[in-house]
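As written, the chains take the letters A, B, C, D and E, and residue 1 is the first residue of each chain.
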Amino acid sequence: MVGRILQFVLYPLVALAIGVFFLGLARKITARIQWRYGPPLVQPVIDMIRFFYQKSVSHGPVFAVGLIMSLAGSIVVVLFLPFGSICPLSGSGGLLVVLYVMLLAPMGIALSGGQGANPNISIGISRKLILALGYEVPFLLVLLTVMTHYNTISIVQVVEAQRDIGWSIASLPLFLSGVSYLLILPAMLGFRPFDVSTAPQEISSGPLVEYGGKYLLMATIEHALLLFIDIALFVNLFLGGAGNPITFFVKMLIVFVLVLFIHAAFPRLRIEQAIRYLWKWPTALALAGLIIVTIGRS
Amino acid sequence: MDRNQIAKWFKEPSKMANKYSLHAIYFCTGCGIIEVPPVITARWDAERFGVIPVATPRQANLFLITGYVSVKTLKAIIRTYEQMYEPKYAVAFGSCPINGGMYWDSYNTIKHLDKYIPIDGWIAGCMPRPEAIFVAVTHLWTLIDKGMANGYERYKKYYRAYRRNQELALGKLEWPPLYPIGEHTEGGECD
Amino acid sequence: MNPQLILLIAFGGAFLTYIFGKISSKLRDGAAVAISLALVAIFACLYGRRLQESFYWGFLGLNLSFRLDAVSWFFAIAIVSLGALSIIFSLRYMRDRERTDFYYSMMLMVNAAMLGIVLSSDLISFYIFWEMMSWCTFLLISYNQHRALDAGMKYIIMSIIGSVAMLAGILSLYVSFDTLLIPQIASSLATASPGYVLFVLVIFGIAFGIKNAIMPLHTWLPDSYAEAPSPFTAVLSGMLTRMGVYGFLLITYVVGGMIGGTGLGSNVLKFNYVLAWLGALTIVVPTFIAMLQNDAKQLLAWHGIGQGGYMVLGIGFGVATANSLALAGGIFHTLNYAICIVLLFMSVAAVQYRTGGVRDLNSLGGLVARMPVAFVGALLGISGLIGLPLTNGFVSKWMMYKALILEGHPFLAFAALIGTWGTILSVYKFLHNMYLGQLPEKYKHLEKSPFSMQLPIAVLSSAVVLFGILPGIPLRVINKICTWLGFSSLDVTIWGFTSETGTLNTMNLLAAIVVVSAVVWVLFHRAAKSVVVAQDDNYAAGAYVPKDKYHYTAGFYEPLFTMLRPYLRDVVDEFYTALAGSVRKSCGAVRRIYTGDVGSYVTYIILFLASLILVQLRWRPW
Amino acid sequence: MVNPVLLIVVPLGFAFLIPILSLLSKKIAKYIPPIPLCFNIVVSLLLLPRALENPVVVSIGGWQPGFSINLVAGPVGILLSAIVAFVGLLVSIYAVDYIREGATDRYHMLFLLLLTGATGVVLTGDIFNLFVFFEILCISSYALVAYAGDKAGIESAVKYLIQGAVGSSLLLIGIGLLYGLFGTLNMADIAKALQSPTSLPVFVPMALIISGLGVEAAMFPLNGWLPDAHSSAPSPVSAILSGIAIEVGLYAIARVVFTIFGLSIDSTSNFLMFLAVLGILTLLVGEMCALGQNNIKRMLAYSSIGQMGLILFALAMASSYAVAGGLFQLVSHTLAKALLFLTVGYMTYRTHSLDISALAGIGKRMPITSLAFTIGAFSLIGLPPFAGFPSKLLIVRAALATKECLFFVLIGGALLGTVIEAAYFFRVVQVLYFKDGNTNIARKQVPAVALIPIVIFVILIVGIGIYPKFITGLLNSAAAELLNRVDYIRNVLG
Amino acid sequence: MTFLENYVFYVGAFGLVLIGLFTILVKRNLIKAIVGLAILDTGVNLFLISVGYLARGTAPIYTRAEQGAQPMVDPVPQALVLTAIVIGVAVLALALALAIRLYRHYGTLDLRKITEQRW
């Protein structure tokens, strides 16, 4: 019981730590790729401390409530994802619940941003939602492929099934889905070339325009957790999860660095280009995977 | 980081974080902006010091004013400065904001930026080299450490005067005062 | 309390209200509220009761009979409670309008007719009440005049097409089996030929499909929803349209014998698969069309179509695969959708009431500061529509998705899931453009919505959350419906489901979300204080954004639309419009027969005589 | 001892009394028509119990049936004569106020003559007598259509007259041929002599008679006069023409087809099928023409054509259900259409225009009249709980019960017609209530004397719609009588 | 010849009917159409008479009992024709009256032009 409670308390903190580490790593590696020295790895932490202590303005209650909802949603999603052997809330609805709880984060940001009443926020949210629609099409297809293939909606069972038959990404029908997931991962994480919704140069970082101080802190934490969630989901579904947290972390790290290379090397796409891309190759791959799985099943 | 640093972190986390996380907002107000890209890109890489450019004053705590300030730009500068959260630092770049520089007799530039918003540091030169920006940043650190980078407090204290100067230069401002002005009295020009 | 008495109260109440209205408007309002609340009380008392009444009333030798069982109770309680809430909502909304007597009596009449539909146990009384509902609805839709007239025409034409199809179906059943009692037909159909069963299914499918606005038959809906008076739109979208769902359940029951028996009637299955796919189509296309709308009610109306697709998908699929989870999901979604959409329409109506009828999304904004209750209603409403966890919509959608995935129909599931994303995009636009964003100067001093509007919104909002947290409450009744339809019952707990393939426990979710939110809130609270500033104090590259000069939210999803607009035309509607145009044209051509020239008329007479004799000579039958 | 002859003699006498009495006072004429019509209703109701048991056969002049002119007051006859008298009564009450200009005494005389003719047609047992009464009906209706003396009325009357005269000539030729074949004019006698309608010599008179009667009964290609006449006549006349005259024509066709020629669906189905097709054709053409109309009375007239088509279709199915349904439809159409014309009469009187668009906003100015119009329209469409619903229900059921593909298709056409009908009637209802129109029209009800018939019609429509048993018994026996040829012959000839 | 002898009245009657119909169909003038109606009526009447006609029959009056050996023509059609003639006259009178009124309204009797009441 104590262990379970500890899991509940510690697991989100671990996830947050990993997420923040990834944020720092992202800045560092990007800098190295750009032939810069880069900030210290703890720079995001320093930033977050500053945000914590800095004053801020609020545009109304929804401005805060939306962010709280968003962050809470992200933390709850973390609780649903197995992390190695740690999995506090696995038995409560499975992947479908994860899918829906994941909606809380963008919805919260969108609500909060809406209250901000800034033209850049409007544009940013509009782009964010459009982009979300863009990557949700292949993403949902991928998830459905996995769920149909293993005939379960529980992530834990997907992980267990992979323990017997090897990684999903190595098996044929799911290979396509895995590739598709990898292709849309930058979009899900808001990395380049899909960072048009928060483009700083163009729309003053979009939904984040009015955030400062603790608001920005929460948005940063939310982003860190998003990194954790999306990558952990990939690792769980396609890379066989892991028996212990360390292996799991290593797998996540590999995937993240892969995404990071794309992030550092590509310019930003316009929103139509992004959608066009997302609905072309990743969707085609995911669809092919789903068709194969469906045929194989029947 | 030595032990001293760590002790400082525990003692005054807010001040330390402010120091090492200078998120800068700058306007392309004048020619000085040409020096900023080298500063933030591979050649000089300001990110080493935690200085990164951000897109909005809400996230920033460092305001770089790069070059001369025309009257029209002044309005945007004031607005942006007021929208930054405390603690906030303004650094003027080049000689024009200091005294008008080569535009000293222009009808359309302001001469002393300090009359309109409080400036915490000046970088002289026309143009200053990128290294000068690093010097400014390190100086700013010192000032922050000593509690002397307190332009925002000055602004609050003498807001009435600042506002009056701003209105003298720009005419009536559209937005309401940031701080309560109270009843308007004669005099009280700062510095 | 027998069903006739209830109907007598309902219909009599409608008439009485009209008469009272001639005496005093206060009396009328009181009567309308009292009658609707009395009906709610009656049905609340009748929970779990089973009634069956049959009496000969001299209707062409047909018995009219009424019943009350799980399914009719479920729908009836929804009808009367939503009806009562809309009546309460109307009190202020309709106060200074003309013809309010007519409005109230028609509202009560529609409710009474819907009650009649769900309480009737034979098809002829079902049909009578169905038609009464149709024309009452027509009158109410047309109430707002101007553009409402076309909407009303569209509605009534499609509705009449549906009901004549249904009439033919009903009478064909009567001719075949010599009975119209639903249970007897159910037992008779078990022995009918498969082709005949398919005929019955299709013809009733058309009738109920039109009412439920399934994709190729949906075109009446958007305009009608948009143009009807808003409190009535709530009823129209919440329950009236969903009479189609009730109809599908009825079909399911009628042909249910075929499923329960040994051989699953293949035609029934095919029909239901087609239904499920149509449901999927209905989810996707209208939901995306909804994004294009700039009229708040039109937007919600398209969602009305889309969400109807979920119900049809759930029921059709549930029947096709004998999966009670999907079926229960479909039925539950009917209730959830009704609550949410009524909530949303009421919140729109509250805004309309205060802003003087504005419902153009491009000219509203920022109303959260002025009308917080309406905003909370709208927020919970859209959360329910999307299916965010801890709202009722989540549970029903989860049930359907799970069934679809585990039965191996990922494409249907995909349609439903992507529909959710379409929903998010469009309802966010709705919420944002109406309540968030900038507040236009002219609405700076808008008053809060009056209490009689806040009350229904509050009640429905709490229902959204209550059924989301404790889905077991309605699911217990729905379970009974499933068993009535001949399906296996579900393992329902008060918190969700327990089964091997995947459980749902809303308590876990609730606890997690509440605790985590509390922690986050504490963190938030511990951080440096923030100052509340005016909405227009925001950063736009240092410029001061002049008030009311710009509206940021116009063309909210423009990049997407430029991509999708060519594909998101309502082709069906265009087809119907063209069809109607050509019918009108051909009617004009037919009229030319009457040339006005006596010579041609006499020629017709002689030709007719000649053709009669010709018929005799050529077509010699005798 | 009431005698069916009274049903004809009394109105006829009163009709000729009117010009004489109006010599005394101009105002008295308009109060006269209700008297004989009330009398007729009473007589019909008194005859009803007897007629239901056994048709009352009266021979005139004391000759035995077969040689004399006789009246056969069976359930159909009594039913229809009661309806004629009843609708006539209500319309005449309405006309007390409505008909103000022109030679009012002659209007009332012609009105009574028309009703006399109609009563005669439904009661007579003699085919030439039928022709005579028919001519009475027709000539008085020609004159009534022209009553207003305006351009439209005269033109329509002339056209009506020419077509009607041609039609009655055809009818007369047919009667002559029948007489030449069988040497008798008594319908029962002819029926007895005529064994099968299959031979050409028998068929030709039938074709001639059907075409002749069809002109009056508004069968599809023969109804060129109807929209003109019904729309340009004064509204009470339109009500009578639409509500009674064409129904009587249809009754005559049914009588001829079923009783004289003995067609039935099993032996000689094809001709009846042809009639059924014709009925649906009439229905569709009527409804389609009505759809685009802007003239409200013309629209109603076309709608009458459509309804006639439906009745013809029902009668042509020749099963007892179908005929009962057809008669029910006949009754409900009579009530509804008379109601519609009466309400429209005052509406157009108020707006000075026959355009539908001119009726905008009338719902607020004349609420009761508009409500009555709405109810009439709903009843015609066949919406519950109005009288049109059970009748349509019966017809559809009968068509489905035939289990013949053709009838399925045809009933599909009929239902399509219903949809079109709904389209134009609902449009008018919208215009009445939901369009803002001319606000100059004062809010004023129709005069009470005109309101009485309207309200009675409404009550009847709703009453029959809710409780159709009220008349179904009578209709069933009427249908049985109409179909049962053998009984008819036995009853008449003894 | 016997055919013509036996059926001459029928032929004549139908000839008249056809002429009448032809007139109504073809003639534009209302008066001519009315004349056509009259011809049609006459034809029909003639036809009715000839239905009851017997060659060399006597008038059907029983008072001349001595002629009993001779067949009598059928009296019924004659009665019918009397009625029909009366009706025909009434119709014609009405038609002509209406024609006068129509001319006042339209200033023409051309039936092709009097088509205000249509579709």
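In the analysis below, a contact is a pair of C-beta atoms (placed from the backbone, for glycine too) under 8 Å apart; a residue touches a chain by one contact, two chains touch by 3 or more.
From a predicted model like this one, the values you see are computed outputs, not experimental measurements.
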Smallest count of steps, each to a touching chain, taking subunit A to subunit C: 1
Given subunit D and subunit E, the chains that contact each of them: C
For subunit D, the least number of touch steps when starting out from subunit B: 2
Relative to subunit E, chain with the most remote C-alpha centre: B
Pair with more cross-chain C-beta pairs in contact, given B-C and A-B: A-B
Centroid distance [mean C-alpha coordinates] between subunit B and subunit A, Å: 36
Approximate Å spacing (C-alpha centroids) for the pair subunit A, subunit D: 78
For subunit C paired with subunit D, centre-to-centre distance based on mean C-alpha positions, whole Å: 43
Subunit C and subunit E, separation of their C-alpha mean positions in angstrom: 68
Multi-partner residues of subunit A (at least 2 other chains): 52-57, 204, 209-210, 213
Sites on subunit C at which at least two other chains make contact: 537-539, 541, 591, 593-596, 598, 602
For subunit D, residues that touch 2 or more chains besides their own: 158-159, 162, 166, 227-228, 289
In contact (per the touch rule at the top): chain pairs: A-B, A-C, B-C, C-D, C-E, D-E
Footprint of subunit B on subunit A - complex, ascending: 27, 31, 34-40, 43, 46-47, 49-50, 52-57, 200-201, 204-205, 208-213, 216
Subunit C-touching residues of subunit E, taken from the complex the two chains share: 21, 24-26, 28, 33, 111-112, 114-119
Subunit B-touching residues of subunit C, taken from the complex the two chains share: 534, 537-539, 541-544, 546
Interface residues, subunit D side, partner subunit E - complex: 128, 132, 135, 139, 142-143, 146, 149-152, 154-159, 161-162, 165-166, 168-169, 172-173, 175-177, 179-180, 183, 185, 227-228, 231-232, 289
Subunit E - residues contacting subunit D, complex: 17, 20-21, 24, 30, 33-34, 37, 40-41, 43-44, 47-48, 51-52, 74, 76-77, 80, 83-84, 87, 90-91, 94-95, 98-99, 101-102, 105-106, 114, 116-119
